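Labels A, B, C, D and E are assigned to the chains in the order they are written; within every chain, residues are numbered from 1.
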Amino acid sequence: MSLQGLQSLLDGILMGGVYALAALGLSLIFGVLKITNFAHGAMMTVGMYVVFALGNDLGLNPYLALPFAMVLMFLIGFLIQRFPIHYIEHAPTHNQLLLTLGMAYILENVLLVIFTPNYQTLTVKGFEKAWRIGSLTFAPAKLIAFGVVIIVTGCVYYLLYMTNTGKSIRASAQNETGAKLMGINVRNIRAIAFGIGAVCTGIAGGLLTPIMSIYPTLGETFQLKCFVITVLGGMGNLWGALVSGLIIGVVESLSGYYLGGSWSEMVIYGIFILILFLRPTGLFGRGNRREN
Amino acid sequence: METLKVIDVCKSFQGNVAVDHASLDVKEGEITGLIGANGAGKTTLFNCISGYYHATSGKVIYKDQEVQHKTAEKLCHMGMARTFQIAKPFGMLSVLDNVAVGGYNKANSRTQAYEFAEQSLDLVGLIDKKENLAQLLNTGEQRKLELARALATQPEVLLLDEVMAGLTPTESREMVELIDKINKTGITILMIEHIMPVIMKLSHYIYVMERGKMIAEGIPVEVANNPKVIESYLGKGLEVE
Amino acid sequence: MLTITDLHVGIGNLKIIQGISLEVRRGEIVSLMGANGVGKTTFMRALSGLGHITGGTVEFEGQDITHATSQEIVEAGLIQVPEGRQLFSLMSVKENLEIGAHTKRAKARMKENLEYVYTLFPELKEMNSQAAGNLSGGQQQMVAVGRGLMADPKLLILDQPSIGLSPIMTQKVLKAVIDIHIRGVSVLIAEQNIHDVLKIAHRAYVLEQGLIRASGTAQEMAENAEIKAMYLGH
Amino acid sequence: MKTKKVEQGTLLVLLLMAVIYPFLSDRYMLSVGISVLLMALLGQSWNIMSGYAGQFSFGHAAFFGLGAYASSILYVDHGVSPWIGMIAGMAVAALVGVLIGFLSFRYKLRGDFFALVTLAFAEILRVLFNNTKALKAATGILIPYKDVWSEFQFANDRIFYFILLAMVIAATIFIGLMSRRKFGVCLIAIKENQEAAGSLGVPVLKYKLLAMAISAAIAAMAGTFYAQYYGFIDPTVVFSAAISVEAIVPCIIGGAGTLGGPLLGALIIVPLKELSNNLFEGVNGVNMIIYGVLIVLFVVFCRDGIYGTVIRRLKGARS
Amino acid sequence: MQYIMESERKPMRSKRIFLLLMTALLALSMVLSGCKSQTATDTIKIGSVHPLTGSMAYEGQAMVNAQKIAIDKINAEGGINGRFLELVAKDSLGTSSGAANAALKLTNSGVVALTGTYTSSSAQVVSRTAEKTRIPLVVTVASSDNLLSNGYRYTFRVQPSVSVFSQNFLKYLSYFKTDDMETVAFIYENSNYGAGISEYITDHIDETGLRIVGMLSYPATTSTMSSEVTKLAALDPDLLVPIGYYSDQNLFMKEVLERGIQFKKIVGCANGAFSDAKFLRTYGTQVDGIYDINYRYNPNSEEAQYMLETYREVYGEDIPVHAIYGYESIMVVADALKRCKNPDDPEELRDAIAASEIYEHVLPQGVIKFDEKGENINSAGVLVEIRDGKHIIVFPEEYADHDEVQK
């Protein structure tokens, strides 16, 4: 592989990390809560704007602003689950889809009203130049984002598999009646799970703020990509989401380099369809769940 | 004369063996019973016979043809119908429409399909409720609907998967009579059942399945006294001090 | 211990339970009998806060729990082992048991209860790390009962534990119920398998079309000609 | 029987309204009327495949776009009348629909996964058309402006309106007839329980594919109309997810799997959207917030759709 | 029956109230959308159709903002023969049907002219509407070449089209082309506008003596430009031509600057980012030496200065360059209105617009005059250089301005 190919690979991995985190939120919501969430991109944008507002108006370093964004995103996620998603948990997919789409319209346009539709750019001092090793360059914001992604994924894993709350979340996902009969407050637990998903999504958005110029509908462009990653990794599979995020990042970057950016979309959707056909449980999924 | 022969069928899911070299024969005009605990593989075997699953290995022979790779629709056209363990009514269709879906299997026209439907509703005793939505039926009626639908396809062989489940004593008594009646019209029956007295009363021949394998077979009396069956399935009865 | 007065329960617009009064005294095994579809499960679920109670009262240890949430009911010590087991099928046996001890009270006694579950069902210890969904029906029922015990019940409700089990497995589960009872837990058990359950119960109620049709001691019931004819007949 | 009367009554009232409407309205109202009908037509198309047969599509833009492109390319490049182009477009869309369906069903995709596949196919077509010079790439196709009926062009929008109305009526009648015949009854059976339907001898795959083909053809018809009426198409317009959403919205608002649902849904949501556009002109975004809130409220409080809820009530179905 | 999920407490009553409310709202909406807003006779209304929500809301809003400034200016100067102008702006929602409905709503409310629409697809639809309703449309921004190819009588375009921009590029090449410049690479967003310009230029590349070494296209919604930057860095063309919208081109430059890649010469063509004030605020002098051929005001025009200052005052930012055409479109309509005997007659207004000869305007071009297709015959972009973190027009000479610079 040429040096440029290597650089593309590297860029793909770094960007893939952010995709992975964004998809992780969706994977939780899609896989654990069984909600087809089309407000995912909009939730990501909310994260972007929270970090932007804190960074721009209060002069906070965007990475220090992340915790605030996390708290806010958790609340937003929690509330979205309690109302309105709670009411359509057992409704058919298209109802969920339309509802979350409605939520997306609301979130995006609330942002539009508050922040105006103008493009907003947040520059971080000291991050203007890429770091380099030999002839390879690393965008600092992406590198830090990558680190944060690994940490967050680890935290979420710990939360889901090592804590009581996590066990309750998984239990509620697998058998609602069983969970209720063990005294688990399923309603709250689901809202918490949605909140956690929203936090991941929001962080992913926040990490993109120093990388992209943002506007209220920016999140839409990540929506389908996140679905691709979620399905590729297996719904609700954390490490699957991480690895698939990297795969998609790399595929996008390499196909962008070798075929051109216009076709990289096509390659990604092609992979998506193949995965749906051949391994709907994802690359790492076990069992055959497509029938249910 | 066997209408249906199952020879050495295996079925596994991602390495989990659900049916392990199971064989059975269904003789024409008889009622053949299949018993075993939940998870023994009865329903999976049923699914392999009725074309819903394709057996991993082994053969299913129906009317002297190998049918293990045929779909459920094809088998239905060939005269094999089945019911499901959990009744699966088409809730938003009326009872009559539900049965007519089955009726279309052999019918040449809409009228004939509905004729078939009315006939079988009459047979199972649901004709009074034909205009109701299927989802409004109670458990017992849903069972009957399930049976009527299968009958409307004009089957030669009927596969019944726990038709007694969820029935009140009165209903199950009626159901026993109904099955007997259906059998007397010349339809061959293979049935899965839990309730021992029912299967003992109805079946001409019984197979016992455990962990995917056939562990015993014979006429009812033989099976009930088979020590292997007692040991692993029937038990010696509950002894309380 | 559990006093139910004139309970009405519905699903949607349908009235399923139409005025049931029933009592479980401390230290009793009470059986609720009736064929499938008469409303046993609806009734049982309502006791655990999973139904739409339209009338009547449920009192547990002097506390009115008619409209309590399922969490509150579990806290109070009324635990249900539901019909169809409702296990967390992708989680391991151990995790299933651990989740049973969700309340504070149960967590405090988790170690003790876990030990008891393992003495009651030694097989479970060997299958600790297996996913619950991969077990056989009988084994799953053991996990379900075990999970219920982990919640440290004062009163254990078992909804049709024998469903789908072979007769021999049913006998095993019922034996476990006796053991649990000896340990001081009261039991309310719904069963179709009347023949066996009357052997272990002190008293029994017969449910038919949403109403109590008959009640009495187990012996009375076993000797009742009508019931014999209806349920023990086949 | 009561249900039937109510259904027929509703449809008759709707039809009457639809016929009188253009004579009472000005150009703007007519244009809104056309938006309503276009949404209704897309809705009916979606209704067959997703409402009746239960195969949830989130990529109807694929068929819509194919229809628009097929007729427009034939018309602009080869001078073929769009009336004929429309038929060709319908055929192409049906073919693609069958292909997508065949692959999806062959791999046993359902529910969310099937929806995602259709979405992905629509996106692939968008990228493909956007990058293929022979298909005019990103430039799009401009339809010449004339007033020649044989070329599907009218200066008078009222004629466009009535043509679209005829299409909607045809689709509705088709579905109405279908729903009482073998095909329709079996489709509902497939939706409610595919295995059970299969075990009763219903040719599940064939019927599902047929439903997809018909659905795709109707969407393509809507696509041709769109191109002829608005006079311009490009890949980002006709293959956009927004079109796919427009096919779903009226069905959910009105009631999926009912004959009048998509019609009523379109009749409700389009004017409401227009209204919120008109009422909240001052602060941009508020119109879309209102639209979003409306959708959320409808879905939460009226899960079966307005028409669907009424029909279910009449049939005495459980909510 | 046990398998039915009991939902906890159905919102029965609220459901009924909701349905009632919806019915009422529906009835209201039918009535309201039916009534025409009363036609005030004292003002002359001009309609404006732009995307005010969705992904192009910023551009659309800026366009309307600039139009408002133009309207205010005319009204402050006494209006049209004593009558005031009124701008009625509608959200096109960025869709064709939205644009058509908005345009018709406007024609209904008695506007004498339409303006719009920022996107070409909407412009095509609105121009057809204009033709059908016989109300003139002055296109603010829509660059598609085939917009006027249908022979519409009622559509006029002030702004330079794709081919004009491309021709400008070829013409201005002489200014920045050095003798050792041999290779050229394009990086363009893959829609009508980016692809259109790059195609036009490549078709005429032989005239320039340049050799194309790279044609990189990307979707405008991309979230990363890394691989494009990597590839271009390897190609290292003598001339790099980026064509795209604000957010994607901003992303591109950010990557370039981060990595410290020095391209020999970057000349944007109608680049959404390079000519934007925000771009300079973000990067300052780092982007010095970049050229862009783009929309611009005429720095020598007093009116342009007025426009700039007022916009900055009212909206707190510099006027985005495309919005200048929003401003001028109003001026074109106003100029024509002044020449009409009956300003309420769209037909007369159309003829007046067609006969326009405007010498005093804010654009860097000669007289504004329309050919029979409706195209502004002198429309042109200018070559802008970023010098000391400021935009300076360097070519053509008559609009070049080395002293006056935009803040």
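Remarks
Note that a contact is a pair of C-beta atoms (placed from the backbone, for glycine too) under 8 Å apart; a residue touches a chain by one contact, two chains touch by 3 or more.
This is a predicted model, so every value here is computed, not measured.
Note on connectivity: the fewest chain-to-chain touch steps from chain A to chain E number 1.
Remark: among chain pairs D-E and B-C, D-E carries the greater number of C-beta contacts. Centre-to-centre separation of chain A and chain C, using mean CA positions: 42 Å. Put simply, the C-alpha centre of chain C and that of chain E have 71 angstrom between them. Rounded to whole angstrom, the centroid-to-centroid distance between chain A and chain D, based on C-alpha atoms, equals 31 Å. For chain E, residues touching at least two other chains, in rising order: 1, 4, 11, 53-54, 57, 61, 190, 217, 219. In chain D, the residues that reach two or more other chains under the touch definition are 127, 130-131, 284-285, 288, 318-319.
For chain B, the set of residues touching two or more other chains reads 138-139.
Within the complex, the chain A residues that touch chain E are 2, 4, 7-8, 11-12, 15, 87, 90, 109, 112, 116-119, 121, 123, 128-130, 137, 139-140, 208, 211-213, 215-218, 220-222, 225, 252-254, 256-257, 260-262, 264-265.
The part of chain B that touches chain D in the complex is made up of residues 50-52, 71-73, 76-77, 81-82, 84, 88-93, 97-98, 100-102, 104-106, 110, 113, 133, 135-136, 149-150, 152-153. The part of chain A that touches chain D in the complex is made up of residues 30, 36, 84, 87-88, 91-95, 97-99, 101-106, 108-110, 112-113, 117, 216, 224, 227-228, 231, 262-263, 265-266, 269-270, 272-273, 276-278, 280, 290-291. Residues 16, 36-40, 138-140, 165-169, 171-173, 194-198, 201, 210-211, 231-238, 240 of chain B touch chain C in their complex. Contact residues on chain A toward chain C in their complex (touch as defined above): 164, 167-168, 170-171, 174-175, 177-185.
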